[in-house]
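Taking it in order: structure first as C-alpha cells, then the write-up.
All chains are identified by letter, namely A, B, C, D and E, in their written order; residue positions are counted from 1 within each chain.
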Amino acid sequence: MNYATQQKLGRILLYVAAIVISAISVFPFIYAISTSLKTGSDLFNPALWPKAPTFSNYLSLFQTAEQPFGRHLLNSIMVSTGVVALSLFLSLTAAYALGRIQFKGRGLLLAAILSVSMFPQVAVLSGMFELIRFLGLYNKAVGLILPYMIFTLPFTVWVLTTFMKQLPKELEEAAIMDGCSPWRILKDVFMPLLWPALVSTGLLAFIAAWNEFLFALTFILDNQERTVPVSISLLSGASKYDIPWGNIMAASVIVTIPLIVLVLIFQKKIVSGLTAGAVKG
Amino acid sequence: MSTSTAARSRQAWIFLTPLLVVLALVAAWPLARTIWFSLTDANINDLSAAKWVGFENYWGDYGLFGNSADTNGFWAGEWGTAILNTLKFASVSVTLETLLGLAVALLLNQEFKGRTFVRAAVLIPWAIPTIVSAKIWGWMLHDQFGIVNQWLLDFHLIHDRIAWTANMDYAMWTVVMVDVWKTTPFMTLLILAALQTCPKDCYEAARVDGVHPFRVFWNITLPFIKPALMVAVIFRLLDALRVFDLIYVLTSNSDSTISMSGYVQRQMVDNGYVGLGSAASTVLFLIIGGCTIAYMRLSRATGRNND
Amino acid sequence: AGVTLTISCGTVGQDYEWCKRATGDWAKKTGNQVKHLSVPASTTDILGLYRRMFAAKSSDVDVVVVDVVWPGIIKDHLIDLKPYSKGIESQHFPAIVKNNTVDGKLLAMPWFTDAGLLFYRKDLLDKYKLSPPKTWAELEAAATTIQAGERKAGVSDFQGFVFQGKAYEGLTCDAVEWVASNGGGTIVDSKGDITINNPKAAAALDMAAKWVGKITPPGVLNYAEEDARGVFQTGKAAFMRNWPYAWSLAQGNDSVIKGKVAVSALPAGEGGKAAAALGGWQLAVPKYSKHPAEAADLVMYLTSEAVQKDRAIGGSYNPTYPSLYKDKDVLAANPFFGSLYDVFINATPRPSTVTGLKYNEVSQAFWQATHNVLEGKQSGADSVKALEARLKQIKRQGW
Amino acid sequence: MSQIVFKNIQKIYPGATTPTINNANLTIEDGEFCVFVGPSGCGKSTLLRMVAGLEDISSGDLSISGVRVNDMAPAQRGVAMVFQSYALYPHMTVGENMAFGLKVLGSDAADIKRRVDQAAEVLQLTPLMDRLPKELSGGQRQRVAIGRAIVKEPKVFLFDEPLSNLDAALRVQTRIEIAKLHKRINTASMIYVTHDQVEAMTLADKIVLLHTGKLVQERGSVAQVGSPLTLYNRPQSRFVAEFIGSPKMNVLPAKVSSASSTGLAIQVGGNTLNAAVDASGLKGQDVFIGIRPEHVVLLPEGSSTGDNRVSGRIEYLEKLGDATLLYVELATGLPSITVRLEGTHSLSIGREVQFLIPAEHVHAFGTDDMALPRLGDLPS
Amino acid sequence: MSQIVFKNIQKIYPGATTPTINNANLTIEDGEFCVFVGPSGCGKSTLLRMVAGLEDISSGDLSISGVRVNDMAPAQRGVAMVFQSYALYPHMTVGENMAFGLKVLGSDAADIKRRVDQAAEVLQLTPLMDRLPKELSGGQRQRVAIGRAIVKEPKVFLFDEPLSNLDAALRVQTRIEIAKLHKRINTASMIYVTHDQVEAMTLADKIVLLHTGKLVQERGSVAQVGSPLTLYNRPQSRFVAEFIGSPKMNVLPAKVSSASSTGLAIQVGGNTLNAAVDASGLKGQDVFIGIRPEHVVLLPEGSSTGDNRVSGRIEYLEKLGDATLLYVELATGLPSITVRLEGTHSLSIGREVQFLIPAEHVHAFGTDDMALPRLGDLPS
C-alpha cells in the first residue's frame, strides 16, 4: 500500500473514530434533550423522539418566582468563575515556586497539598460548616468560593506544577537576563506558554465548582443564593415521590450549555502555546 | 540554577504564601476536626457531647476493624466489602479511563475538520452534573423503559431485558461503565494539554527514522506526557477511591456496591455516628495515601525518573 | 408588626403551593410574616440538612416538616407542642400521635398521612376473570395468570407485580408490610425488643424472594416508587404496590391506563391480616427557633381540621383526622378515601419511635437483609437470624 | 542507486506570499557528496527537509532512485538526517538516542552495541553515554545528533549544519570522519548543509549555492551548481563570486577602455587594469571587476607604478597568526578592499601601500551581474 | 568600570564527581574583549553562565566592578547574554523578543522602537519582525538572539557562540558589527565564546583557552591567557599549541641531540632539525617538536637534502581554492603531517615531496608537554 492511500485510510479511520467517540459522548445529552421535551407518560416511553415535543419544561423552570432558576444560574456562574480565577492565581504562583525552584521541603509540601483532597467530602462537611459560619459566609453564594478551594486547589497546583516543570530552563534564564522579576517571568513568559494547561485545569476546576452539590446544599439556605445543582435537586413533582424528569432534564441541558460555550471559547487555547522554535536540542 | 539558592527559596516561599494561607484557612480546621472526631464517640445529634474514646472507633467490638459483628470474616463485613468494592471500582475504572483518555486525546491532537466540535462533544459527559448524569444513565439503563435495553432488543443483541443496575453481577460493571463514560474527558483534557508540550522536532526525527507510530507513542510521546499523565491518574485515583454519588444514585447504597465513602456517608449522615464515620474517613485517607504512594513508586520504577 | 418565621414545608409543585397558600392565610390573620425555605426533594438530603443545622443550633428555621420516621431521630431538637396543642391531638389518628410522642412529649403535629396500597388493572382482572386478591398467594396466582396471558398475547415484557425493591427506606416499608401482614411483627416491638427472628417473618421474605424473576422483573431490586410507577403506568404491569400519589398520575390525561386502574388494601399473609406501612408528614418546631410560640401557632393552624380538609379536597392529601374520611366534600373528591379508611387508620408504623436515634441504622440493616433475600444470597431464615444479631449489635446498651 | 532529482521544485510556506524555494532543478548522483550553501535563511534547511519528507512540496517533482517521492513517507525514503536543532529525544540517554533508530529497524542487540560504540568512539562521546541531552554542552549535543545518523548507514544522508558548534580540531576530525564514511559506503548519497566554506570546499563533490531574497524570484533558487573549484574559480554571477571565498571577493565598479575575446582593459579610479576574461559578449561601458583578497599582491615599498597596480592607505588590519588581513582605502569613490597576506607582517594602520592585481586573477561582471568567462586553464 | 575577576572558581555539577571548572583565575579588564575558546564540552558555556549568574559557583569568588557577585541576582549584574541555544520566547514575534528586555527595564516606547529597529537593520531582520521563532531559519533565530542582547547596551556582554549558524558573509559582517559595538560602548566588557579561530583571533583583546578532560583536574581550567598572537606564537603547552591554529599544529616525537639556551638540535626519523628555542631548562632526551602546517615550506623537486629538511609521500590532498592542504606520510613510526600551501598546486596523491622546516618556526615541548621558550622577536 502506498503512503498516500495509507494516509487516506488513516484519515478515514480518524473520522470514524471521531464520530463514534462524539456519538457516545453526546448521546446521553441528546437523550436528556429529548427527555426535556417530553411530559407526562411520554417520559416512560423509550423512544428517542418525543411524541409531542414541548418547551413547557423549560418555561416552567424560569416561571417559578420562589425558585429563580435564572438567578441560580447567575450565582453558579459567579461562584465558578471566582473559584477558577482564585485557584488559578494561587496555584500559578505556587506552581512557579514548586515547579521551578529547588528548595527544602518541596516534596513534603506537595504531598501535604495533595493530602488535603484525600478526605471524603462528607467528612469535612461539619468542620467546614462551622468554619463558614465563623467567617460569616453562611447563606451567601460567594461564600462558597472559599470552601471550594479545598478540592480545586490541590488539583490545580499539582497539574500546573507538572506543566511548569516541563518548560525549557533556558527560557526562564533568558527572562532572568532580561531583568524580569519572578512575577514578570510568570506573567509574561510562562503564562502564555502554559495556556493549554491553564485552560484545561481551569475548565476542570470550573466544572468541579459548577457541579458541586453537598457544600452548596449545606451552606446555603436562602433561595436567592442557591447554585444550580442544588436548584435541580430542589425541583420536585406534584408529590414527594414524583420525580420531575422533564424539568430536571431541561435544567441539566441548560446548565451544560455554559460549559459547552466555555469550551468553544477557549478552544484555541487548549492547543497552542507550543515551545517550538524556542531552544535547540 | 541561578544565584543564591537562599534567595531563590525565599522567593519560593513568598510565592507559596497566598496558597498556604488559603489552604490553611479552608483545610486545617475541617481536617483537624475530622481526625479529632475519629477518636471520640461524637454523634450528629449533639456534637458537643462527644467523649474521648481513643481508638475504639478503629479497633474493637464496635470499631472498623475487629468488629464482633463480622462473623463471616472481616472482608464479608460491611466495611470490608466497602473497601473491596472501592478498590475494585477504582482500579478498573481508572485503568479504563486512562487508556481511553489517552486514545481520545491522541485523536483530538490530530488536525482534522470538525475538531472543534468533537472537542466540545467529548467534554459534555464531564460537564453534566454527576447527580444528573447518574440519573440519566439510571433512566437509560432502566430494565423496563430504558433506551439501552430497548435498542439491544431491537437489534436482537439480547432477548431478555437486562437489569443493569439491579443484577449484582452487572451492577458494579455498570457503575464502572458510567464512570468511565463520565470521567474519561477529565483524562482526555489533561493528556491533551500534555501532548501540546511535546517538541515537534523529535517527532520529525522519529518520522525520518521510520519509527512505527506505536513505538513513537511508547518511546517519545509517553515519556513526555508521563508527568502530566501521572498527575491526572493520581487525581482520578483520588476521586475514584472516594466515589459516592454515582454509586449512590445508580445502585443505591446496597451492600454489594457500597463504597468506602458510601460507608462514611451511611455512618456519619444516615446513622449520625460522626465518630465512627470520621474514623472511616481517616482510614480512607490512609488507604488513598497508600494507593497514591504505591502508584507513584510503581510508575517511577517502570521508567526513568525525569524529575 | 409581628415576627418573621421561616418554614420549610416542601419544595416546588403542589406541596409548596398548598403550603404557601395556607401560611399566607395565617400570616394575614396574625400579622406575622412567613418565609419559605426550600429543601431538596430527597428525604435523606432533608434529614441530613436538618441534622447539620441542629448540630449548629441554627435558628434559620422555625417550622420544619418531619417524616413519620423522624421524631425519634431528631427528638432532642424539637420543642414539646403539648402546651400549644390544647389537646387537639386527640382528634388525630392515635397511631400517628403515638408515633409523634417521644418520652411523653408531643414533638410534632400530624399534617397528612400516607399508607402503602395495592394498585391493580381492573380491566385485566376482568379479562382473566379474576377478583382482586385478598392474600399474597392470590396475588401471586393472579399475577402469574395475567403475566403469562399477556406475554402470549404479544406484550413480551409484561410483568405481574412491581414494588419497591431498591436498597433504601422504601424497601423497609414494603418488607414491613409483608412481614406484618404475615404475622411476623414489626422488627422491634414497642417495648424495644428485637422480634424479627421468627419463622413468619422469614417466610414472608422468602415469599417475596420467590416473586423476583417470576412475576416481578429482576430489575425490581433497584426500583424506587417512580420506577415501579413507570412500569405500571405504561401498561406493563398488572399489580403495583405504591403510595396514594400514584393514583392521580395513573388517572392523568396522558396515562395509557387511565380508567383501567383500581386501588385496594394490600393483601394479607396466611392467617394474618393486611398491613400497610404508615407514611406521611408532620410539622414541628425546632428548639432553636427564636419565636417558638408563633411557630407553634402556625403549626397548629396548618394542621387544623379546616386546613387539612382544604388540602384533601384540592390536593388529595390524606388528612389525619378520622372525621374527615366521612366528610362528603372530601369523599367526593377522593372516592377511595372511604373504602380505605381502615387501611389508613390501621397503618403499621415502622419501629422508628422506639429505636429513636438508631432508627436509620435499624432500617438499613433490615432493608439490606431483605435485599439479600430478594437477591437470593440468603434464605429468609438465615437472613432474619443474621439481622437479629446485627440489630443486637446496633442496640448495644439500648436504643 | 540513490540518485536524487529535483524538478521545478517550489515551496511556499503557509501564510507566505512569495515562494521560499523557487524553480529548483538539480540532480544529485548516486554516491555523490552534495553540499548546499547559501546565505542564512535562503532555504537550505527547507530543501533538505523536503528530501527527508518533512516538508510538503508545493509544486514540482522530487524523485529518489527514479521514484517520485513527493507523497512517500519519510521512513520509506531510506534517509537519515541530522537536524539543525539536533532534535534529540530528551528522555533518552546519549547511548539510547544513538541506538534508537537501529532498534526500530530491528537490528540485533550486539550489532547495535558495536555500531553505537564505534560511532561514540569516533565522536568522543564514550564517557557521556549515560547522560541525558540536557546535561550536555552544545557541541556534545550536536555530536550525538551526528552519531544518531551515522550508525544507521542509510542510502541517503542528510546533514543540516552538523559541525557548527564544534571546535576546530573536532570539526576537522569529524569532517574527515564524514568524508571517510562517504567513501566507505560509497553508494550512499549525502546532502550536507553548511555555511562553512572550508567544509564545503573539502567535502563536496558538488556544491549547490542557493539564491536569497529577490533573486529567488528572478532567477530561481539555485544560483550555481558545480565542483568546489568551479564555484571558486568560475563563478557564474557576482552573487556566487561574492558568496564563495572568505574574506569575500572585492568588487569594484569600473569603466571599460577596451574589450575583446582575449581580454578586457578597464579604468579603476585612474588606474588601468587588465583582466584575462573573454569580454566579447560585453555590452556597454560599465562593468564590475572582482578580485579575491588572497590574490592581491603587496608590492615592496617604492615599487614603480604601472598597469594593474593600485595604491591605498591601510585603514584597519587584523592579524590571524598565519595571515594578516588588510582593509585598504583606495581612491575616493571606490569601496575599500580587503587584502589577505600570508604570515605576519610589520605593517601598521595609516600606511600607504601599493598592490599588484594580477590580470589572470581578475573577475569581471556585466551590469546584469553575470560573469564574463575567464580565460586560461583554471583548476576545477 | 566593569572589570571581571575570577578567583579560584570551581564548578561541580550536581551528580558529577569531578569539577567541570577547576581553579579558574582570570581577570577581564574594563572594556576588554575577551574570548573563551576550548574544545567542545570544556566548560566555556559554564564559565559564561557563571558570570551571568545562571549557574551557581561551587567555590571561589567572582567579582564584577570590584563587587563580589556570587550571590547577586543576574538582573543586578548589568549583563546581557546571547544563549547558545537561542532561548527565544516562542510566543513573541521577532520584534517583541527584541523589545522585551527593554520593556522590562521600563524604557520608553519610542526609544525601544528606535533601538530595536536599528538592531534589526544591522542584523538584516527587518523583514522578519512579525514572524514567530518557529517560522525562522536557524541562522535567523540566532540573529534574533543576538539582537536581543545588543539592544540592551549593558555594561557586560556575554556571547555564547553567537555566529555559529551564520553564513560566511553574514558572519564577517556581524563579527565586525560586534567589534564596532565594542568600540562604540567602550566601557562595556565582552566575553565571547566561540570555536571559530578566525573570530577569536580577530575579535579578541584577550583569549582564554580552557583545558578539557583530565588536564582540568591536573592544571586547572585555564590553559593560557593572552593576546591572540601570543597564543599563536608562544603557546605555553602542547595543548595550547595544538588547539590554536587550523589545521592544527603537527607534533612529532623527537630525540634531542644537543640543547642549549640558544637552540635545540633534534633527530626526527633520521633527519636533523634545529629549533630556535631556549632549551636550557630541558631535562631528559625526549621532546616533542611542533610545526604549523602553514610554516612548512615545499621545496622544488630535486632539492638537495640537508638539515631541517624532511621528505614524505602525499597521502591525501584537499583543495580549498585559495590554498591546498597536503596530508603527508613521513618515515614509518612518525605520525603523518599536514601542510598548507598557498594557492592551487598541481600535486597529486602518491607523489614524493620534500619540505623545509624553518628553525624559527619550530616549537618544542618537554615530556611534561610544557613548551620551551621560543627565541626571537615574535609578534604578539
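Rule of thumb we're sticking to: a residue touches a chain if its C-beta (ideal position, glycine included) is under 8 Å from a C-beta of that chain, and two chains touch if they have at least 3 such contacts.
Everything quoted here is computed from the prediction, not taken from an experiment.
Engineer: By label order, what chains touch subunit A and subunit B together?
Structural biologist: Expected: C, D, E.
Engineer: Which chain pair shows the largest tally of C-beta contacts?
Structural biologist: Max contact pairs: A-B.
Engineer: Which whole number of Å gives the spacing of the CA centres of subunit A and subunit C?
Structural biologist: 39
Engineer: Starting from the mean Cα coordinates of subunit A and subunit D, work out the distance between those two points in Å.
Structural biologist: The separation of the two C-alpha centroids amounts to 56 Å.
Engineer: Taking each chain's centre as the mean position of its Cα atoms, how many Å separate subunit C from subunit D?
Structural biologist: 94
Engineer: So how far apart, in whole Å, are subunit D and subunit E when each is placed at the average of its C-alpha atoms?
Structural biologist: 22
Engineer: I need the residues of subunit D touching at least two other chains; which ones are they?
Structural biologist: Counting only residues that touch two or more other chains, subunit D contributes 73, 76, 84-88, 138.
Engineer: So which stretches of subunit B touch two or more other chains?
Structural biologist: Only 1-2, 5, 44, 47, 145, 199, 201, 224, 269 qualify.
Engineer: Can you list the subunit A residues in contact with two or more other chains?
Structural biologist: Within subunit A, residues 44-45, 125-126, 130, 169, 173, 176, 233, 273-276, 280-281 contact more than one other chain.
Engineer: Can you give me every chain pair that touches, using the contact definition above?
Structural biologist: Applying the touch rule to all chain pairs gives A-B, A-C, A-D, A-E, B-C, B-D, B-E, D-E.
Engineer: Considering the complex alone, what residue numbers of subunit E touch subunit B?
Structural biologist: 53-56, 70-74
Engineer: Applying the document's contact rule, which stretches of subunit C touch subunit A when the two form their complex?
Structural biologist: Answer in residue numbers: 10-16, 20, 36-43, 45, 49, 52, 55-56, 60-61, 224-226, 229-231, 233-234, 242-243, 245-246, 248-249, 252-256.
Engineer: Given the complex with subunit C, which residues does subunit A contribute to the contact?
Structural biologist: Listed in rising order, the residues are 39-45, 64, 66-67, 125-126, 129-130, 133, 139, 217-218, 221, 223, 230, 233-244.
Engineer: Along subunit E, where are the residues that touch subunit D in the complex?
Structural biologist: Checking each residue of subunit E against subunit D gives 13, 37-41, 43-46, 84-85, 135-140, 143, 160-161, 164-172, 195-198, 201-202, 228-229, 232-233, 242-248, 292, 294-295, 318-323, 325, 340, 342-344, 346, 379.
Engineer: Subunit A touches which residues of subunit B in the complex?
Structural biologist: 1-2, 5, 8-9, 11-16, 18-19, 22-23, 25-27, 29-34, 37, 44, 47, 104, 107, 109-110, 112, 114-133, 135-137, 139-140, 145-147, 149-150, 181, 185-186, 189-190, 192-194, 196-197, 199-201, 224, 227-228, 230-232, 234-235, 238, 242, 244-245, 260-261, 264-265, 268-269, 274, 277-278, 281, 284-285, 288-289, 292, 307
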